[in-house]
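Can you keep this structure in mind? I'll have questions shortly.
Lettered A, B, C and D in written order, each chain numbered from 1.
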Amino acid sequence: MSPDPRGTGLFIAGVRGAVATTVVHGLEGLRAGTPPVGLVTASPPFAHLPWEPAAGLHVCGWDVAGNLHRSAEELGRTHVIPEDLVELCAELRDRIELGLAPGIPDPEDVAAVDPGARARLELAPRAAVEALREDIRGWKRALGLQRGVVIYLASVERQRGLPAGWDDANGDPLALLERAPRELSRSLLYGAAAVAEGCPFINFTPAPGPAVAALAGMARRAGVPVLGNDGKTGETLVKTVLAPLFRDRALNVLAWEGYNMLGNRDGAALSDPERRAAKIQNKDRVLASILGNARAHTHVGIDFVPSLHDWKTAWDFIHFEGFLGARMSLQFTWHGSDSALAAPLVIDLSRIALRAQDRGEGGLLPAAAPFFKNPVGVTEHDFHRQMDMFRRWCAR
Amino acid sequence: MSPDPRGTGLFIAGVRGAVATTVVHGLEGLRAGTPPVGLVTASPPFAHLPWEPAAGLHVCGWDVAGNLHRSAEELGRTHVIPEDLVELCAELRDRIELGLAPGIPDPEDVAAVDPGARARLELAPRAAVEALREDIRGWKRALGLQRGVVIYLASVERQRGLPAGWDDANGDPLALLERAPRELSRSLLYGAAAVAEGCPFINFTPAPGPAVAALAGMARRAGVPVLGNDGKTGETLVKTVLAPLFRDRALNVLAWEGYNMLGNRDGAALSDPERRAAKIQNKDRVLASILGNARAHTHVGIDFVPSLHDWKTAWDFIHFEGFLGARMSLQFTWHGSDSALAAPLVIDLSRIALRAQDRGEGGLLPAAAPFFKNPVGVTEHDFHRQMDMFRRWCAR
Amino acid sequence: MSPDPRGTGLFIAGVRGAVATTVVHGLEGLRAGTPPVGLVTASPPFAHLPWEPAAGLHVCGWDVAGNLHRSAEELGRTHVIPEDLVELCAELRDRIELGLAPGIPDPEDVAAVDPGARARLELAPRAAVEALREDIRGWKRALGLQRGVVIYLASVERQRGLPAGWDDANGDPLALLERAPRELSRSLLYGAAAVAEGCPFINFTPAPGPAVAALAGMARRAGVPVLGNDGKTGETLVKTVLAPLFRDRALNVLAWEGYNMLGNRDGAALSDPERRAAKIQNKDRVLASILGNARAHTHVGIDFVPSLHDWKTAWDFIHFEGFLGARMSLQFTWHGSDSALAAPLVIDLSRIALRAQDRGEGGLLPAAAPFFKNPVGVTEHDFHRQMDMFRRWCAR
Amino acid sequence: MSPDPRGTGLFIAGVRGAVATTVVHGLEGLRAGTPPVGLVTASPPFAHLPWEPAAGLHVCGWDVAGNLHRSAEELGRTHVIPEDLVELCAELRDRIELGLAPGIPDPEDVAAVDPGARARLELAPRAAVEALREDIRGWKRALGLQRGVVIYLASVERQRGLPAGWDDANGDPLALLERAPRELSRSLLYGAAAVAEGCPFINFTPAPGPAVAALAGMARRAGVPVLGNDGKTGETLVKTVLAPLFRDRALNVLAWEGYNMLGNRDGAALSDPERRAAKIQNKDRVLASILGNARAHTHVGIDFVPSLHDWKTAWDFIHFEGFLGARMSLQFTWHGSDSALAAPLVIDLSRIALRAQDRGEGGLLPAAAPFFKNPVGVTEHDFHRQMDMFRRWCAR
């Protein structure tokens, strides 16, 4: 990559994962003229706004294991990325692999990670953050990038308690890290490094990140936007689109049972019940919020079905009561590529975060709500109302 | 508004049909304390508004054939209306049958109608309207009703051309009727009679009614609201809720195929392709409007499946393209009682029409858009935006 | 065979459950002329055989809690049994309640059972069996029945280990019971009592019953048929019908994921993972047996969804590979009343068991395989091959 | 049987179509070691029989338009054939294109066909057959093939009347062709040519072919097997697997509604109602035959949805009644590649036809029933019983 002085870095934690791999190839496809399907910021009502152009976005990143070529080949073979685009991007992947920095693994994953990542696990949290900051500065220097966004796309992590002090909006994360345990959520390490380097932080996973008051407070004070949590790409998206129908027609939802199946790395991680818990909570809570009906029986299941690879397939069954007690049902089957759905949103969110930063909007960004299962700083889960918030923000 | 203690008439064309029968029993159920599930005007954000109370609404009406007891028993047997409520309302049905006036049949249905209705077919259009007006005045007198709403719930009629003059907002329907052919849409006869009697007119069918400029103009001049067309109760409702998702996520809908099955009188009427045409058009056009995508392949089928009775079952298949050309799909199966879905909307619309009349809003009422497949005077089909229009109207 | 004019008892463990309640009303319906839909022994190829007529079958039974009237009313309200039939059978239910004997509860259920059942829990296993035998003799005496069948329809029990000696086909259950622990599967108590009284024993649940060698051996020696295990009524039935398609077309099943939802007492019991285990095993194992494909990923889930009551709703997703690796899928949604599906099979199985006894066929009855998820003494799970076995048995 | 070392020709009418293209690539894949998924004759119970090896089968054929390279590329792009296999077979396709003979188009298609095919349309039927025979002899000579099979894979043709004399099993097709009209079904021309040349004839389409008595009689007298009609690959296959479940459980099917969507050349042809009729009849009649229930409401729809290409997607809704009138439903969605499902059956049927010929079995071959929607000479539509017939034939 020849230095682009006006360019912007997408610094991705989990850069060899399926979503990041699709982002890498997608940006190249967009440069080559692929229509920007799935990219909200390129669609009619928003396309004219001064977003960062695709050509100006350069991916670098961290990972704890894996290989970008292998990821790309699997996505090609399973029809997520066109196979000719996979071939076309071989050199680009080589360059990203060369510039790749070791990620900070979860302690429980130590056996499965690269030596470099294992070494980083030795670092105390404060030192780990400094290493991440040095990575960011290094990429900027090496590629001549003027600015960047940190995007957290790591595998779903276990739910961990929050150490004392972090729930205080006036707490200083860098100071708190001095005495933090090693089991701290990785999203806080990447988030703190991002904000300290003046980079907007986007948490596309269910990890806490910007939901932690100290991190959000630091970001607000620094004028750096922090966005999250947990990208809303598939079944949950449909849920937050459909649930308002029942509310607005005064229909009484008796049960909403959702069964998700997927077979990618994310699916494998989610077969660990400790990792699954946060995700299920995010997928489930949206219903109670929209329906305002505490009596509805709801259930969210996630099963690992290897043959599906990246192709999330979900079935939802909604049992509801209408006038005079008539029992009715709506069921839907969603079949979509998780990565093809997530990747354009990562680009959208990067553009939105950069624009917010340009406009001086630090801290939580409620306008990004329609992109997240658990939007921080927002209680509204109705997708249409979230889109209204986003439209108003764009129009400002 | 202070609702008149002597009550309001719901004058229904098609009063022995499944929807009207459900309205009759539903009002009685509401009086007896059945929770108002499915009734928008009784749900939290709207319940406090001064709507006409259920206890003040009294059903009278016209029909060309059938029997209200038989309709009720079939709806009881097929689990649309609780069987004890069917029993409870036997006397009420007797009273409605006693007061029932003959409807004006379509010429092609003459063989299948009651003698009274056959006699009305002899009347010239202008005379037929006078007969309908006399019915309205008669019911008011007999039941001591101060006012009323006319609701058009007749079986789907064939598409017919519009005679000259009717597309002029300044045309006078009563004068135009003097020279109108007998094949005129029945919705214009009932609509003209309603407006002439100062009754709001609600067209719950795909017939033209308020979409005809002369009728809408007469209503506006008279300060009488006219609402329509074609109640949005099931599959089309879901369509207008889901389609915005694809638009707002910039996903490219390639095909949207909808298959509807139903087995009630409406289903039987719709097995006639000439009657089906208007309904299919209404169900189909919403997609192009919301998606703004002329290239999407769309299809709407309606099949008569007798064993389903009132339980409309529909399957929609949505084939769409995402980022980098990935092909995905969403399919849903809707299973609901058409009458249980429509009946509360008929009550809602009556209340809305009465309130509009109280507020002096004559002519087309765009705020009623979320209730119709083909809302007259409104180009917006996105259900959520229609609900926003309705909410703003309520808040005024 | 000449059916005894004085009738045959159906002695049901779990006589107040939904299935037994449906049997009670169904027999009455059949006597009154309801067409025998769902009754295999009344369908064309089998109807001419000398089965016990419905009029000769009289239900008696045991239960640990509940009330037959309440069960019937719930099944009426949820449209499993026609409401007029529920009314019609009030006296019949009174008689059954009057003759009802206390069942033997599982120790862990003691808090939720009737006092009579609690008292029976005090009995040692051998004494409990004697009490059951006395019940059978008492019913025969009281109703003048010449013979009977014991049908085990109790709620799903926890999986329990089998005490020493029971896996020996020459073991004597009555002797083994002398030293058996109180945690013994109730199916062995009812099974031993049935065989000791010369009554065929039908185990419609996943409990071990006839799969235990000592019980099967005793039955063989006594010339008493024992049938089981676990009635095949819904999703598993469809599985064993569809799986042969993939085998016979040489299609490679990659994954078969089944999600079951139900809301009746069985559903509630199955929310206990210890009780669910045996059922899931039975539902799952059929696939490996038919497909002969150890690599297919399979999953069976059962969730308790109260609003569904007796209406089991299941979704199965089958991911398979065809020629040149093409990935395809078949998904189905099953929506059926568990009790309406099970009840006629209970009658069928009673007739089959009686006929086997008449023909002198004691012990396991492989010909009953198509009726069970886990047919004892049979390795074939392909429904069509099982039906061939049954047809040949009938033709003998 | 000792397979001829110099090989066997698969002479395909419609050799540039999607199914034939998949056969071409599939045979090459099998030679290269691709596992024979979907190939019945290669699956465990049949694999040991002396079938013609894949390496001995060589494709030649006729077509009226199109291009084999374009067909292959589209099937590669739409994930039916692996893209590397498409690349690998470029030379093979060149050879087939070089040896290709013009097909005999339907008169109504004249505008859309190649000049060579247009020229053949000038030939009288008898002369056309001689041209086809000369093609077969030419391919044999050119490739040194000892024998061959003719497979009819042309686009669905319009239903046409049968001229006098053809319904006589003693009629001589070659003589009847002398006075036949030009609108004769093309399947009779290819069938007569095949039999006259001693090649078994397989009709994979709904055209009449072997169902015509004169053709079947000629084949029987000549000792040449003729197989058909209409390959059973997807939704109809599932129907004939599932329908026996309802019959065998004495469940009363009220309605069976099937909706098929596809987007390939076959789908385009089927948008012509005159072409669709025969196919729908074949898909529909299986139900009445299996269920023996003339009262069930059945419907089969086929819609052309271009974006699906070869990926047939079908939804079937089965409404049925169980014990005491309980209303239940089963619905399924089938999503499979038509060509990937059909191609291995074409190879299977060729092997079966050759083996029948070796065994001296001329005329109709009832044992091939499980492969056809409308098996000639067989009234049985139950897939499992058809497989039993096939297994017995194999074991002979």
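We adopt the following convention: contacts are C-beta pairs under 8 Å (C-beta built on N, C-alpha and C of every residue); 3 or more make two chains touch, one makes a residue touch a chain.
Please read these numbers as outputs of a predicted model, since none were measured by experiment.
Compared on C-beta pairs in contact, B-C and A-C come out with A-C as the pair having more.
The distance from the centre of subunit A to the centre of subunit B, with each centre set as the mean of the Cα atoms, comes to 45 Å.
Subunit A and subunit C, compared by their mean Cα positions, are separated by 49 Å. Multi-chain contact residues of subunit A, defined as those touching 2 or more other chains: 79, 321, 327, 329, 331, 333. Under the stated contact rule, the graph of chain-to-chain touches is complete, every pair of chains being in contact.
Taken in their complex, subunit B has these residues touching subunit C: 79, 83, 333. Within the complex, the subunit D residues that touch subunit C are 22, 25-26, 29, 34, 36-40, 42-44, 79-82, 85, 237-238, 241-242, 244-245, 247-252, 292, 321-337, 340-341, 343-344, 370, 383-384, 387.
Partner subunit B is touched in their complex by these residues of subunit D: 254-255, 257, 259, 261, 297, 299, 301, 303, 305-308, 313, 315, 317, 319, 321, 327, 329, 331, 333.
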